[in-house]
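The following blocks contain the structures, represented as structure tokens.
Two complexes, one shared chain (chain A), two partners (chain B, chain C).
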Partner chain A sequence: MKRYSAFRLIREAATGNQGWVPAWRTPTPKSHYDAIVIGGGGHGLATAFYLAKNHAISDVAVIEKGWLGGGNTGRNTTAIRSNYFYPESAALYDFSVKLYEGLSKTLNYNVMFSQRGMLMLTHSEPDMEMATRQFNAMRINGIDAELLTAKQVQKIEPMLNFRSDARHPIHGGVLQPRGGTGRHDAVAWGYARAASALGVDIIQNCEVQSFITEAGRCVGVETSLGPIRANVLGASVAGHSSVLAELAGFELPIISYTLQAFVSEPIKPVLNSVVLAPAFGTYASQSDKGGLVCGGGLDRVPSYAQRGNFPVQETVLSGLSEMFPALNKVKLLRHWGGIVDVTPDSSPIIGPSGVDGLFINCGWGTGGFKAIPAGGYLQAHLMATGSHHELSKPFDLSRFVSGHLIDEAASSGIPH
Partner chain B sequence: MSSHRIEQKGRIDRSQVLTFRFDGQRYTGFEGDTLASALLANGVRVVARSFKYHRPRGVCNAWFDEPNAIFNVTLRARELPNCLATTTYLEEGMEARSVNAWPSAQNDLKAVLDFAHPMWSAGFYYKTFMWPNWHLFEPMIRRLAGLGKVSPDHYDDYVSNQRFAHCDTLVVGGGAAGIAAACAAADAGDDVVLVDDHRELGGGLFQQSEVEGHTPEDWIAGQRAAFEAAGGRVLVQTTAFGVFDHKMVGLVQNAGFGRAPRLWRMRTTRIILATGAVDRLMTFANNDRPGVLSLLGANEFLARYGVLVGREAVVLSNNSAGNQAAAVLAAAGMSIERVDARDANLKVLGSTVENALRLFDVLCFRYY
Partner chain C sequence: MQAFPCPFCGLRNESEFHFAAEAGKVRPDTTVAISDEQWASYLYTQNNVKGAVREIWMHTPCAELFILERDSVTMDVIGSAALRGAS
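Moving on, here comes the complex of A and B:
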């Protein structure tokens, strides 16, 4: 892999930009690999990268039915944070944030992790009590957090609605300073490039049609490009996890919903952090290009439709203009939907699938992007060693049998 | 008023002169002009800068398909960001500012970035700014990006009215095809709504000298009267922006500058899209230079605003459909050099657009 750097940009500029090569190879699939990763989104590509980097398993194929990062990796609102309640979640998501902090240098690809702060607003005294509880939990779990007064919130986001007639006056907030946003496509492309350089075969436009099982063990997949076999398989197919599980012959406690997101026309910088207003269910940040990126809660009805609809658009955008009244003159540019896999306790599932030889990494709900480095790292550990990393152990599928749920929906009030 | 205006042409009211400013400079236009047509009539060529390299950009289309002419516009102490100059109708006292250019689009200091353009190849930002840390570079890059500034003022009455409506047939696009479809459906007894985003129905018909033996104005007025007599409803200055579940179409009805547009939820059983065609950009080196316009745009500026975008022009197309449009421009006084992209004579122009623009005012293209 030819390294990217400012020096290289200057040298290429001087020689007519003729020396660039594709960021990853486009090989034809072999009939057998040491490992197959199903799903070429962030989690899948990261799994392949860490298999090669941490476990010296580079005879790996990543199989993607569409294009790289075309699922939720390319459809999310790029927020990265670890402001969770339970120790298990906090440890998992903060591990991810820490990997993100070094990711551009690890991959030699600028993923633009911008730690501009994740700010959750409160609108009342009871809200503030809940925020204090969350703040305390975060500090106990070793995660950076600050409790803010309304004045401190105003200093960070002066465009917020501090008028006396605001429908939901701002009381204060909790800030995670290390939270922020990343460049979502760059995460997929960066992992793809680094994995490919370590020998991973990235195969796009290749759909898994069925699993090949021998003596009860999964030994490969039938794909639209023919059969591909492997010693071990891992699936990271957010949005279609239960569809794939059905193909493999097991069930997941997952319901899939559409989650919508929105981006405005580019404007000069007005937002400084990622702001979430629970009263409206709307959150927003501003991309480096200048677009306001915002989203809200899930659609109410389970669906596999990767598209937006009008009622949610109205809910989210009216929330945005309540939060930032001056921004109601900004025009919407794009609006889209992705499919998220939601578990009963709103925590992910990482571990053996129940079918021998096949591991799963799924159920991240609305928050998979922030967990890409951790999800890939832990899934690679599972596939390489056959056993859990300490961090992924609590997230095994078996918790739904034993009852050891990690109920982040109830505890930190995430809206699903 | 200027050599760019053609007498007797256009849908403008020459008795009402309007004054406005663009990047601080005072200009005049007429009632019925858009900001873009008024600027073209005044011979203003550079109206914007490109997002990354800050290359000079001019108006190149006449309606929603214009990619360049985006202004912050202030009127009656109300500033709206990123207004498309080709769809913003001129009003007395408008103050337009180019976006992301300083001090003006004509003289933009940030154009210095263009000198180092080989450095900023596609995706350059993924390849650098990693050492020591992205946070060191990000604030500067954020300030360089973005288009218009958003005023922190909140306009209390900038709140959209909402309408809920239904019809049997919704026709989107009020040109010849849309009018014909709407009339046919209304005659057949349907409850029909016809929407068009212009101020008046007609679409591309104003480019024609006659329609079925009438002037375009008379023909359109006659069709509209018949349509409305059959129970049809017409919504102008209304854009259909999405077809949602169960054939609900979102419509946004422009209420004039500075006023929040009205939102319609139109539930339908049939949707007819008669939205017409736009010219696609022809690919050649420097096709983004000011003075390069779409042929459709040039014809619309003449037909709707009486503006001849240039006196001497090269008209470039890759098909024979450009001939009639070029003939209309020629009849209005444009001296035209016709070039067919399929023809080897393309080399006559030289290798660059700059050569062509040195010889001619404008270069219009048509590409299907």
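Moving on, here comes the complex of A and C:
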């Protein structure tokens, strides 16, 4: 892998840009690998990268039915944060934020992680009390957090509607200063490039059609490009986890829903943070190109359609125009949907699938992007060692039988 | 907006409806001892099928539960029926 650097940029510019090569190789799949990762989104590519980097297992294939990062990795609103309530979640997501903080250097690829702050608004005195509870939980969990008055919120986001006759007047907020946004495609491409350089085979347009099982152990997959075998397999296929589970013969407590997102035409910088207004069910940030990136809650209909329905669009966009009346006339550029895998407790599932030789990393629901480095890191640990990392232990599938649910849905104002 | 058919009120706006559960789940007989696995499976396991699905929905204005058959990819509605008498 030729390193990307300012020096390289200047040298290539001086020599007619003849030295650039594709960021990753496109090999034909071998018949056997040490490990197979199913799903070439952020989580799958990160798994392959950490298998090679942390565990010296580079004989790895990443199998992707479409193109890299074409699922939820390319469809999210790029928010990265760890403002969670329960200690298990806070430890998991903050591990991810910490990996993101060093990711551009680790991958030699600019993932444009911008720690502009994650700001959750409050709209009433009871809201403020719940926010204080959240703030206290975060501080106890060792996560950076600040409790803000309306005046302090106004300093960060002056465009918000601070009129007293607003539909939901602003009382204050909770800020996680280390939260922010990243460049989603760059995360997928950065992991792909770094993994490929370490010897990982990335195989796109290759769909898993069935699993090869011998003596009760999963030993490979039948794909559209033929059978591929491996010593160990891991799957990170988000919204299609139940489809994969059906093929492999295990069960999951997951419902797939559509989650929509929206981006406006580019405008001059108006937003400084990622700002969430729970009362409206809307959050927004501004991309480096100037587009307002916004989203909200799930569509209320279980779905595998990568497109959204109108009621949620209306909720999110009317919320946005209430939050920022000055932005009423801004036009939408695009809106889209992704299929998210929602668990009963809104926490992910990481661990053995129940089928010997196959590990799963799924159930991230509406918040998978922020967890890509952690999901990959922990899944790689499982696949390489066969046992849980301390951080992933609470998120084992067995928690639904033992009753140790980590109910983050009840502790956040919006399912994100 | 998509219109869903309530068997009692006819075609109504999708926002009037609430998804309750997948159809066909039977509550284990808890008058006899059952395992944690059986109970967890009843509470949490989902088929989450890609394609034709059969679900229980509520039409919130009339508060009636009913069976809705639809396609989870195309979002086409296949049919709906009252719970009572539905096979």
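The working rule: the second predicted complex is superposed on the first by the 413 of 416 C-alpha atoms of A that agree within 3 Å, B and C clash if a C-alpha of one lies under 4 Å from a C-alpha of the other, contacts with A are read in each partner's own complex, and residues count from 1 in each chain.
Definition applied: contacts are C-beta pairs under 8 Å (C-beta built on N, C-alpha and C of every residue); 3 or more make two chains touch, one makes a residue touch a chain.
These figures come from a predicted structure and were not determined experimentally.
Of the two partner chains, chain C is the only one touched by A:402; chain B is not.
When the two complexes are overlaid on their common chain A, residue A:303 makes contact with chain C while staying clear of chain B. Of the two partner chains placed by the overlay, only chain B lies in contact with A:108; chain C stays clear of it.
By the touch criterion stated above, A:151 is placed in contact with neither chain B nor chain C. In the superposition on chain A, the chain among chain B and chain C reaching more residues of chain A is B. In the superposition on chain A, contact is made by A:290 with chain B only, not with chain C. Shared interface residues of chain A, touching chain B in one complex and chain C in the other, are 309-310. Those residues of chain A that touch chain C in the complex are listed here as 240, 242-243, 246, 251-256, 300-305, 309-311, 344, 400-403. Contact residues of chain C toward chain A in the complex are 1-2, 14-15, 18-19, 36-37, 40-41, 43-51, 53, 55, 72-75.
Residues of chain A touching chain B in their complex: 4-6, 8-10, 12-14, 16-17, 20, 104-105, 108-110, 112-115, 158-159, 163, 183, 186, 189-190, 265-270, 286, 288-290, 309-310, 325-331. For chain B in complex with chain A, the touching residues are 51, 80-82, 100, 116, 118-119, 121, 124-131, 134-135, 138, 141-143, 145-155, 158, 242, 244-245, 248, 250, 260, 265.
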